[in-house]
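As written, the chain order gives the labels A, B, C, D and E, with residue 1 at the start of each chain.
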Amino acid sequence: MLSVRNLQVRYGRSVAALHGVDIDVPADGVLAVLGSNGAGKSTLLRAVSGTLRLHRGSVVAGSVEFDGRRIDRADPAAIVRLGVVGVPEGRQVFARMTVEENLRAGGIGARDATRRAAARARVHELFPVLAERAKQRAGLLSGGEQQMLAIGRALMSGPRLLLLDEPSLGLAPKVVARIGEIIREIHAQGTAVVLVEQNAVMALRVAEHAAVLEVGRVALRGTAAELAASDDVQRLYLGGHAESWSEAHWRHGGRTLARWER
Amino acid sequence: ACGTKGGGSGSSGPDAEGVRTGSGVTATDITLGVMTDKTGVFKNLGLGITQGNELWAKDINAAGGVCGRQVRLETVDHGYKADTAKTLYPQIEPKVAGFVQMLGSPVVAALKQNLLSDKAVAAPASWSSELLDNPYVMIVGTTYDVEMIDGLSYLQEKNLIADGDTIGHIYIDGEYGQNGLRGSKHYAGKHNLTVKEVKITSTDTDLTNIVTGLKGDGVKAILLTTSPPQTGSVAAVNKALGLNVPLLGNNPVFDPALLKSPAASALDKLHIVASSVPFSADLPKAKDVAAKYKAAYREPANGGVPYGYAVGEVWGTVLKKACENKDLTRDGIAKALKETTSAGTENLVAALDFSKPGAPATRQVYVAQPDPGAEGGVRYVKPLFEAAEARDYVAPHQK
Amino acid sequence: MSDVVAEKAAPPKIPSPARETGRGRWVRRLAWVALLLVLAALPLYLEAAWLKAGQYVMIGGVGAIGLTMLVGQAGQLSLAHAFFLLVGATGYTVLSGPADDERVFGLGLDPGLALVGAVLTAALLGLAFAPVAGRLRGIYLGVASLSLVFLGLYLGQSAEALTGGTSTGRTPAAFELFGFPFSNGGPEIELLGVPFRQAERTWYLFLVLTAVAFLLARGAVRGRVGRSWRAVRDNEAAATAMGVDVTRAKAGAFAVSSAYAGLAGVMTALWFDILKPDESEYGTYGINVSIAFLAMVIIGGLGSIPGALVGALIVHGLPQALALYSADLGLFGETGGSALTPALISSFVYGAAIVLVVLFEPGGLAAIGRRITSRGLSRKPPEEDPS
Amino acid sequence: MNTFLQLVVNGLGKGAVFALLALGFVVIFKATEVVNFAHGSLVLFGGYLVVVTRESLGWVGASLVGILSAALLALAVERLLLARARSADANSLALLTIGLDVIITEEVVRRLGVTLPFLGEAWDAQPIQIGGITLFRTHLVALAVSAVLITAFFLAFRYSDWGVAMRAQAENREAAALMGIRSSRVTATAWLVAGALAGVAVLFIATQDFSGAGLSRGTHSIALAAFPAAILGGLDSTAGAVVGGLVVGLAEALSAQYISFDFSKSAVFLVMLVVLALRPSGLFGTRESTRV
Amino acid sequence: MSLAPLRVENVTLTFGGIRALDDVSFTVAPGTVHALIGPNGAGKSSCFNVISGVYRATSGRVLFGDTELTRLRAHKLAKIGVGRAFQNTALSTRSTVLDNVMLGRHVLTRGGFLTDGLRLTAREERRHLARAAEICAFLGIGDVLHVPVAALPYGAAKRVDIARALAVEPTLLLLDEPAAGMNAAETAEMAATIGDLRAALGISVLLVEHDMSLVMGIADRVTVLDFGKRIADGSPAEVRSDPDVIRAYLGAEEPA
């Protein structure tokens, strides 16, 4: 359904963020993308959703296809109309609009009114707090509530492919688990998902396939189970805590700081 | 290294005929400065005056020049901006004997100290008697205060106002308006009139609320020391509100373009007081200037042309006097100015007397009314005259 | 496992330029000294008219430095600059004016003291506006500050005893320092055959004032005060958490900026040899002046002190230079209704400069300058905050 | 009493046009958070095209051309300049419009040269008398037109997708793009509409009844006077534009009579300052509130 | 250095109808790492905001030693030794790392427009620069001192935020979700850093965090909020097995 070939992305004149990435998402599959800070995960999603330009980024080479159609030069709205909808990193709700209006804005991509009503009912069911706070200014929600709103907003247009950029960021463990379930539910209803995550435990549990990005390249790829078993992933992303902590300590080098003067 | 800048251009010794010369005067030429506005808000007037100046220079040079020398004009455009004028002045000052035109009150104000320290005689295109504390200022025509006094006496003579009446005076803040107001107050004092003063700025154009207020005050006439669009607004509202009182304005309040504006039908109440003639005046000299103008220039003319010509004539008189005194230095020119007691311009303006420091050079005015039929848009309703109240009026810096 | 681990990835590369190499700093310092020497020698060569134009640029420079600190560093949009210019000009004229004039009020202070007094007065009034300004943000603040220009003109026109009124204005005392007059009076001085009169003397006075204004601002912006301003601009909550009293920092920025405007006002009065409040909102102390200062600041690069000077050179210098050149070369001979004139061309140039800067180089000319000078010395990332 | 009534009538009449001008600011601000300092020059530009085409097209045709060309100029400004400065924030873009304003204004004023034509052909200076009160026709027409347009916008902002899309993309372009909102289309529409509003306003401004002057630099100053109206109403509020416009019109008229005319301009700003001191985002503006 | 306990006493905070904090009390003992956890919207950030003076408590008070924080103006807190890092980094992104961190020295330095302008403070400034650089080095960002924050990856920016809070030389450090957006290895490193901080400086740390591995690994004590109410307070082990906490927050599944 989504196929990314040899994607190379640059920001401005000098920063190269992706150096030839190949990714495939089968229809109604869930792909988890892992990677450390700055690996290029968000860049990948931006390339798919067509929003690179808003960050002064551009596709230098390679292609992005959705359902056999090239979308790497298409504008974001056209991509949404094809059914690809993204939830940006760091929520980015419309802070000055009410919760209700945020959802409404999410539905603008979908033309037909009954679908909208159904979508809203579903979002309220997934996130009851959004119904409760319908009239509250979105900017005043707590971090987690904003994340829920951001996901809910994206579901309003009934997407076929959902791009989630670190949806678990700042969410309580219980909610993270709930988000995992929701992703599976969304998936079960026939929506494909690309899930960018730091929380590898959740991501690998939800996804069928996974890829690890490192400095703009795919370093690892395979089924979720395969990756979960890989050493590197264990160490870096799943954190066998005991060892990695001491290792971190070692990496931190036991740096010291003179005591305060006050 | 050594500075490359030349020294001062102070006075030099007498020439062959024993005429001492100074800045702007050579053996063959006398150069006069024109600091005008070709590009700012007064570009029309500035252009007219400059063309009047040029016509005069051409005529006098054709007649052999002054003191055996040809008159040359050095022109700069300050765009009615005081800051530009302030920079241009030091550039033009060393090259000229004096200024045949210095347009704009803000410019004249900003250059006051320069004129004093350089002893340069200048004819401002600005007619405020407040400027007369500067001995080097040469106002050609009468001043706004005197215009108002003469104008009010005309209204009273025609029974349009009576002692004890209330009148309104709308004036632009600044030397223009304040000087006009000074005149109306003087007259009001003599005739027990109550003056309702309304201060405005040159950028205001909608005076509806003012006239509404004046109507409430029951005024019998409205005096204007304003710009033409403001005059139009007052005239239109005067009619719209059914107030219909006479309007009396200083020279600058009228522009023929008003006759094509929606206010045209309301202009019949307007009276204009002026000391220099309009372009189309029915006077031999004015007709002569107009004819020469049409031969030389394409642009539509305005009252600046005869005025600019008249200033030239006055400068000619002063330079001739200085030549007779064998002193064409700046000091000599200033002295000659003081000795000029009746500079004639063949009635382009009344005869001028510059010998009384601080006093307007004449107190005579014309009164005119708008007339779409007349060329230039106005017709005289009263020829040159001087009111008794104007005669004993003491200008602010009059000694 | 289908794929294998690709080559071990290196950690993300982060540019890490050195602050400034020792050599770079010296080159830069030498360049400044050279510039200063050239400026100091100019009166020997330039005609008075050009000196006058240069002084006008310096007035712009001083005012723009003040504004760029307020708008660019502290993030407080202000259109009130012209008002503080008027305050400075009036302050100087009143403080130094003769005490025995019956028409206008004066305190007869020494001109040097009067200058300081005028600057302080402007600063205090800036401080007085701070409580209102503190409540407002962005464009609301900008338009609110515009009211000061209108109110100031109204008061200036009304208080004839102070300003001399719109009709005649009043003449400010010639500047004097330790008895030495910066006018045509006093001893005749000649250097290398060039007489040093008002234009030359005032050049040095303005040059010193501008240099002091520049150095103070640069030092402050690089120091603790500048940091607190930028913090307030970028995130008030974070600034507060770090112990910055946001209200005070804003008030301080207003006071400093007003003081600079006040100084520019004093210079304006000296430059014109007259104090005269405008009768309308356009003029020496009107909104167009506020906008011109804002233009300087934008063109130079918001927050950049050297940029402010470059902005002044364009916005204040260009019309003057074009006017002088047009006289020299007989350019712009066309007259009448729709002539292209120096003032008009300058307006186009500075309008276009603003547009281009925002479009292509939001850091303003300062950013371009930084890129040029840093090439070869040390590579600084272009987005860096100017100071 | 008659004087007072007449002043109120004058003030409301002018206020209607100020409201129309303020609405121009509001539309663009709502869509882009940019304050369009070039609004005055759009007003001038529209007026200029009316002048140029009036001879051949007659008043009605010329007015349509004027409105349309102001709209198109606004659109061009947005498409050719602002849309290309994506990385600049709203405040920088506002500054950009200052530069633009200078250029357009100077050019139009230059082209006008010495002519300062009036535009209010059909009704100018033909007042109607009712009792002791004079009703200026320009004011009446302006009131009617403003009422219709403002109501229309109020409803559109509140109830249409366009309104929601507009606010969404004003706040966060990336998120809006991800929702399928074509931010370029929304901003472009907003500018187009604001330009058209400027084109309508100038028909009233360059009249004897409203400004007492024909098309000139003064026309531009009047658009500037609508600034306090937009601000005190609240830059993102349609209702604010109406109230702000009327308040400015009344404050000007009444202070001119009861304090002094030369104070009236300051009075408008003083009223605005008082409002802002109490409500920093204007009477109806959305209050800025952030959290950490 | 004298360490003082932070006592939150019966704090209630309402926004219109919403009770963000409801009679919350807890004490951060000197020199400990104290975690504040709870579901999204429970009021953790609000609690931070009350402590640091951004919000004014509707009732109740916060004491730091003998000083009543709830009566102080917000900017006074840094002076008495309270440093704060933000949930979403709140840095001047165009300024360099060092410039940002130097802001933390604000209360430790003096200088107004004239003294700075005349560079009378230059010597002192150099000393503080050195100290700021030292703090950055401690946090592992010593090699990017002159890079604008905008050019840094998120993880590094978070460290800058913490470095800035440390530059205040606080005796109480407030950290709002220091590990958000970090992967397991980075989180571990952050935990180690916090541990080092306490070890090296002996200061108290109050942190909000959703990453249970970090909380359980380094916290000495944990307070749990739910719907603005305190539902548990105790050692990590106690809290972890508290049924209320499991129900409201952790969920049935093992946390990541």
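Of note:
In this section, contacts are C-beta pairs under 8 Å (C-beta built on N, C-alpha and C of every residue); 3 or more make two chains touch, one makes a residue touch a chain.
Composition by chain, UniProt nomenclature: A, E = Branched-chain amino acid transport system ATP-binding protein; C = Amino acid/amide ABC transporter membrane protein 2, HAAT family; D = Branched-chain amino acid transport system permease protein.
On a predicted model such as this, the values are computed, not experimentally measured, just so you know.
In terms of C-beta pairs in contact, C-E outnumbers the other of B-D and C-E. The chain with its CA mean position farthest from that of chain E is B.
Nearest to the global CA centroid, when each chain is reduced to the mean of its CA atoms, is chain C.
The distance from the centre of chain A to the centre of chain B, with each centre set as the mean of the Cα atoms, comes to 77 Å. Between chain B and chain C the centroid-to-centroid distance comes to 37 Å (mean Cα coordinates, whole Å). Chain C and chain D have Cα centroids separated by 32 Å. Centroids of chain D and chain E (each the mean of its C-alpha atoms) stand 48 Å apart. Of all residues in chain D, those touching 2 or more other chains are 87, 114, 221, 262, 290-292, listed in ascending order.
Touching of two or more other chains is recorded for residues 45, 54, 86-88, 90, 153, 156 of chain E.
The residues of chain C that reach two or more other chains are 12, 157, 237-238, 281, 336-337, 339, 344, listed in rising order. Those residues of chain C whose C-beta lies close enough to touch chain E in the complex are 12, 14-19, 215-220, 222-228, 230-231, 233-235, 237-246, 252, 256, 380-381, 383-385.
Taken in their complex, chain D has these residues touching chain C: 35, 81, 84-85, 87-88, 91-96, 98-103, 106-107, 110-114, 221, 224, 227-228, 231, 235, 262-263, 265-266, 269-270, 272-273, 276-277, 280-282, 288, 290, 292. Residues 1, 15, 37-42, 45, 81, 87-88, 108, 134-135, 137-138, 140, 153-156, 166, 169-171, 177, 180-189, 191-193, 195-197, 200-203, 210, 212-213, 217, 248-251, 253, 255-256 of chain E touch chain A in their complex. Chain B meets chain C in the complex at residues 1-5, 7-8, 38-40, 43, 47, 50, 76-79, 81-84, 86-92, 106, 109-110, 112-114, 117, 128, 130, 172-175, 177-179, 199, 201-204, 299. Note for the complex: chain A touches chain D at residues 49-51, 53-56, 75-77, 80-81, 85-88, 92-97, 101-102, 104-106, 108-110, 137, 139-140, 150, 153-154, 156-157.
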